[in-house]
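The structure appears right after this line, and notes come after that.
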Amino acid sequence: METNRLEAFSDGVVAIIITIMVLELKVPHSPDLNALRPLLPVFLTYLLSFVYVGIYWNNHHHLLRVCHRINGGIMWANLHLLFWLSLFPFVTGWMGENEFQPLPSALYGAVLFMGAIAYYILQNLIVAACGPDSRLAQALGSDWKGKLSPLLYATAIGVSFVSPIVAGGIYIAVALMWFIPDRRLVRVVNERERA
Amino acid sequence: METNRLEAFSDGVVAIIITIMVLELKVPHSPDLNALRPLLPVFLTYLLSFVYVGIYWNNHHHLLRVCHRINGGIMWANLHLLFWLSLFPFVTGWMGENEFQPLPSALYGAVLFMGAIAYYILQNLIVAACGPDSRLAQALGSDWKGKLSPLLYATAIGVSFVSPIVAGGIYIAVALMWFIPDRRLVRVVNERERA
Amino acid sequence: METNRLEAFSDGVVAIIITIMVLELKVPHSPDLNALRPLLPVFLTYLLSFVYVGIYWNNHHHLLRVCHRINGGIMWANLHLLFWLSLFPFVTGWMGENEFQPLPSALYGAVLFMGAIAYYILQNLIVAACGPDSRLAQALGSDWKGKLSPLLYATAIGVSFVSPIVAGGIYIAVALMWFIPDRRLVRVVNERERA
Amino acid sequence: METNRLEAFSDGVVAIIITIMVLELKVPHSPDLNALRPLLPVFLTYLLSFVYVGIYWNNHHHLLRVCHRINGGIMWANLHLLFWLSLFPFVTGWMGENEFQPLPSALYGAVLFMGAIAYYILQNLIVAACGPDSRLAQALGSDWKGKLSPLLYATAIGVSFVSPIVAGGIYIAVALMWFIPDRRLVRVVNERERA
């Protein structure tokens, strides 16, 4: 019951973020294929960001499903995460309009990086509130994805100034890492760690 | 309880989609009838899209009312559906601004088609989670509307390049098919199939 | 439980409508008072529309608090109401930009009129679903406000072409009628009718 | 149960306000650092307003968590608060675009001031509905922050015309006052008052 409004508010903000990103897909005036072509990178960046926001929403959902104790710190850590997510439409639009340019690509990575840090803080506060033996702490396990992601984002920020295409590839790879091999891999990794 | 946030988040996204579509109705600067006239096709397209999004919301509501078991696959199938729905404001705006042009009309149909496919995937995953003997599976019956709709959208995409007006007629017809004869017809069809 | 999602979805749409209306208050570029002055009618129109949407939300809230039985007809009647409410940002913006002009004032009244009709249909369907002896039917009483409002809107539409200022006065008067003397007057009127 | 929809609707409006403020961060067309530089004050103002809206949401959450009795007056007091909050995107955008200018800075303070008054009214109505001995009334204590804030906003409005930078410092100081020393200080103050 306690977490109801935190979830509802977060759902609202994330729903709006994921939807207003599409407003960067400006409706062209002419009805032909040429009018559509410059929108292709904007569309692809939108798709990437949609997947990222979807991943955050999924993880946020799992985070709050197990542990229901919240406090002032958790509320602000949650707002802190939402703040960085709220910059997604801006950096998505900038990267979409300026395909394969160093600075927009690096700024995209910087917002991903800050989002990952904010999520990490939120997760730690929730684990602390529920105790290290809680189901949540066990479910997270070594949380290698949560630790690897900011490292990869930081790498991609640097790589952006050499080859924005490779940086883009890293962003796609991290998204796929979260998207594809969820539970099973975590279990395998956990079992290896136990052995 | 499990589906609460999935519903709340979907409601949020759909509510935003249905509302930001109206932003394509740009407020004209002059206060006379001539300023309003070019907005008529935009308004009519908005009306059509509003009905379509309303149909999706209604169906989504019924889909999740019966079966409450969700998993990671269902969450992503739901996001996949929301992704195509989120393109409604864009294709609605493009078709509204360029009335009776082949490409905008075909793209509108393409997003409708992909939305129908995404809904079909989501529905199948939910039925699979709840079992083939569940109330949901029975309520869906032969699901002839769900199977006919993508065929009609595909037809309309092709027809768009010959006669966008006819394609528009098909979009209206499919919307009416979902809107008007809901339960009763399904029952009749079901009884025919049993006989 | 049944009405949960209908309420949540309606709340979402109304929350978005009430908020995107403010986007018509375009941020001026210069920082002086002259830049603010043309925004005054836009601000006042926004205030009026905010009150109207607030009234609809309040009434909608009361409507669904008593009766929880919904059906397909109610869902579409609700969407129908939301459709007309979704045109508020457009007509608000048009009237705000073109103060005291006949056509924007008349169109504002037309959307208010259609919203009142849509609300009336929704209310009747809900009363029908809950029975004429339900608490809702009793609470509504003679519903003189619900019957008077569309008449006043229709009057204001006609008056707009003679004197938009008077039409604006009618819109304000109807809003005040709903806003100020809520329960008590209804009770008085109910008692008079019983006598 | 009673407050569910009031909370949900408020959450929706606040979620939208906090998110559309970011739309003032207009995506620049060129991909270099110079394009980003004029956005810095807009970004900082956005950050300040995000924190303010976050503070309002947190306080609103606590206000309604303890007392669940609402009435028509509370519903309108809540809408009144949301009205002033809905002007945040406008004043934030104006102040962000015109850094260190008297009028935008004063208007920002005026909306903060009106928001504080609206919150004060809402709080008093809720305390009145729950009784002066309720847990809410006790938790609020002397409510020195709630009384000091409007005074500081009023001061900042006047100061804006002399030195907008100092006014900005006051806005930041008030935000920090609410953000940092929440419960503990209140308790200390309460204990001092008892002594």
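By letter and in written order, the chains are A, B, C and D; residue numbering begins at 1 in each of them.
Please note the rule applied: contacts are C-beta pairs under 8 Å (C-beta built on N, C-alpha and C of every residue); 3 or more make two chains touch, one makes a residue touch a chain.
The structure displayed is predicted, hence computed values, not measured ones.
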### Message
With touch defined as above, tell me whether chain B and chain C contact each other through largely the same residue numbers, more than half shared, or through different ones.
### Response
different
### Query
Among the chains, which one keeps its Cα centre farthest from the Cα centre of chain B?
D
### Query
So, what's the distance in Å between the C-alpha centres of chain C and chain A?
39
### Task
Averaged over CA atoms, how far is the centre of chain A from the centre of chain D? Could you give it in whole Å?
28
### Task
Please set out, as single numbers or ranges, the residues of chain A touching at least two other chains.
8, 12, 15-16, 20, 23
#### Entry: Contact set on chain A toward chain B in their complex
7-8, 11-12, 14-16, 18-20, 22-23, 25, 27-33, 36, 47, 50, 54, 57-58, 61, 179, 182-183
### Task
Report the residues of chain D in contact with chain C in the complex, numbered from low to high.
5, 8-9, 12-13, 15-17, 20, 23-24, 72, 75-76, 79, 82-83, 86-87, 89-90, 93-94, 97-98, 101-104, 107
